[in-house]
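Before any comments, here is the structure.
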Amino acid sequence: MAEKLAPPSPTQELADAGREFYRRGWTLGTSGNFSILLARKPLRICVTASGIDKGTLDETNFLELDDDAEILQGFGKPSAETLIHLTIYRFLPRARSILHTHSVWGTILSDAFFERGAIEIEGYEMLKGLAGVQTHEHKEVVPIVENSQDYIALAHVIENVMRDASGLHGIYLRRHGLYTWGETAAEARRHVEIFEFLFEVLGRQLK
Amino acid sequence: MAEKLAPPSPTQELADAGREFYRRGWTLGTSGNFSILLARKPLRICVTASGIDKGTLDETNFLELDDDAEILQGFGKPSAETLIHLTIYRFLPRARSILHTHSVWGTILSDAFFERGAIEIEGYEMLKGLAGVQTHEHKEVVPIVENSQDYIALAHVIENVMRDASGLHGIYLRRHGLYTWGETAAEARRHVEIFEFLFEVLGRQLK
Amino acid sequence: MAEKLAPPSPTQELADAGREFYRRGWTLGTSGNFSILLARKPLRICVTASGIDKGTLDETNFLELDDDAEILQGFGKPSAETLIHLTIYRFLPRARSILHTHSVWGTILSDAFFERGAIEIEGYEMLKGLAGVQTHEHKEVVPIVENSQDYIALAHVIENVMRDASGLHGIYLRRHGLYTWGETAAEARRHVEIFEFLFEVLGRQLK
Amino acid sequence: MAEKLAPPSPTQELADAGREFYRRGWTLGTSGNFSILLARKPLRICVTASGIDKGTLDETNFLELDDDAEILQGFGKPSAETLIHLTIYRFLPRARSILHTHSVWGTILSDAFFERGAIEIEGYEMLKGLAGVQTHEHKEVVPIVENSQDYIALAHVIENVMRDASGLHGIYLRRHGLYTWGETAAEARRHVEIFEFLFEVLGRQLK
């Protein structure tokens, strides 16, 4: 059998994921942003620069930022949504990579389930792809947060949502997109794929 | 981190976009045409030759034309729709690249919304992918124009539509396709992706 | 601008088309078959061997056959549907390449429109991708023929359908697949893409 | 015409199939598992290791196991569902490769048809892609089994289902995924493609 090459770096993993998500239509029109945690104290992350085409994403499209979203390394400007990444890293010790995507089915569900406050998914084997879930009988709750251009306020809302609900794997900004995370870039990517699969399953059954 | 190569030429960018649009099913059957502005006075553009398979589009498939759609360089014949490109360039000083695509969801919406006169899209984060749009609360209006084989008349109708409505990012020919544009080839491509994403979101929610 | 290489052979063009159709889901599970006309008198064609995976189709997967479907060259056995190809070539002097594909939307439409006898498509710009069609106001009629495993009988039915209706670009076998053709491999491929686009447009609007 | 290279090994064929299934969205989020039979007495199989990304599946991702699911060769741990593979190999002498996939349409159908006990598919030409099926008039029955995390119990249920119904080509675990098999890796792959095509045809027509 063939030998495996050295494993890719985390930013390479995110670049691979981003190009694949683009292909699937989850990061069209330069939408979406991806990050990894480099250090927790003081907080230091790598995040995609703003306005990058995800179909050709590569390692040069990442910025290294500190806790105040100041650029330590790299070219371009950070997305306004970097604040949300920083908030999630601060709040969730388990999160070491955060992915934000925009899909058609997610967008539709975030509207259809907005009144209920969350997309609830229960009874599907694919739920076991979410870290720590052992059975399809699990009920996954993805809180839906009203979209806003005030990212500071939005970050506070997201912090409160995470405070009220433990065990979350993702949060949906209404008519905007998914935030999900993982202990590794690979886990965060798997969470995107699992959620998108399940969003499509639910979305196609909406009456 | 790896070094980036020299940036692609505008026709190379359009060729890349065209092959990607083909993959997504937005330029099947040799449909669609793409152009860039070379000079404004006198008007000189580069546009895809007629009848070209967009799945293998490359730089040799472009023609250089003057203001009267006369060929200055390149092989093949210009699309009859070149007139519409020229009209948009004349009317919109901001436009430096124009893309025309045919998608399933756009076709369906252009029929479903025809009586209302426009596809109206409001409240989606992805709207921020359109140049100058700062908030998801923006309402984007995409006027729908009845399709015609009389391209001179059609060009006049489109000119009138652009005169009546400022701030447009695109126009839809009923049961035919989208015209959108940008200050660069990349911006025009982003607009196609944003519109197609939003058309699918709306289309999947039609009752 | 870059130089174009020598044009591909017709079987290479069909192999390219086949791999693309597979990617789009129109020739899954080794379904579909493709042919080109080599000579008309006596009739000699090249056709895909039976049971070939279209995702990796190449020039070695074609058989050269005579008028009686006897193999003149190549490895494998001809599809039982070769008879239908031969019938169409005999009847339509214009046809020099025939493509047969199986798509989800086509299958659904062939059932939904079976009672009416044909899939009728009218008013779409994409119709102009069919050879000789000059306006979107054209009404394209795709007769639907009941499926059968008796290919001799089926070939006769198809011959009668072609006799009764001139100007056809394709015929649909109910719950089975599309036959379309062209004067070149490229034209036949374009017809598949045009029909599949329009089938999806109609299929998504079925109540 | 070009010469064909030596045929791929069965694990290479499964790796190719897995990457293709991933592309189509049938093995997202590391879901799915694939095996081939190496020897029947004593039973020895090759099966994908647990938690592998199917988008980059290669031959090194397979484990060689004995009848007790003990690892004879390879890195990683076997999926808990290996038991189901072993059960099917023991019961069906014809099966020499088993594929398990998770698709959106299959998931939806397995719920919609659960009360009826099976997904029944009849009258489609594509059914002829299932080994031994000679006509579109065939009725294919895909029993639906309630999902469970008790794989020993599940394997017993599957054994009973296979005992009660001869001539099956696949079994569906409710809201989980498809098990299908073949005499070769290529036949098993063809069965996945045929079933998924037909699931989509049925799924899109659900009221």
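Structural remarks
In order of appearance the chains are A, B, C and D, and numbering begins at 1 in each one.
Note that in this section a residue touches a chain if its C-beta (ideal position, glycine included) is under 8 Å from a C-beta of that chain, and two chains touch if they have at least 3 such contacts.
None of these values were measured; they are calculated from a predicted model.
Touching subunit A and subunit B together: no chain. Mostly differing positions are employed by subunit A and subunit D in their mutual contact, as under half of the interface residue numbers are shared between these two copies.
Chain centres here are means of the Cα atoms, and by that rule the chain farthest away from subunit A is C.
Between subunit B and subunit D, the centres computed from C-alpha atoms are 44 Å apart. Rounded to whole angstrom, the centroid-to-centroid distance between subunit C and subunit D, based on C-alpha atoms, equals 31 Å. Residue positions of subunit A touching 2 or more other chains: there are none. Applying the touch definition to all chain combinations yields A-B, A-D, B-C, C-D. Interface of subunit A with subunit D (complex): residues 1-4, 20, 24, 123-126, 129, 134-136, 186, 190-191, 193-194, 196-197, 200-201, 204-205. Interface of subunit C with subunit D (complex): residues 25, 28-31, 53, 55, 58-60, 102, 104, 107-108, 147, 149, 173, 175-177, 203.
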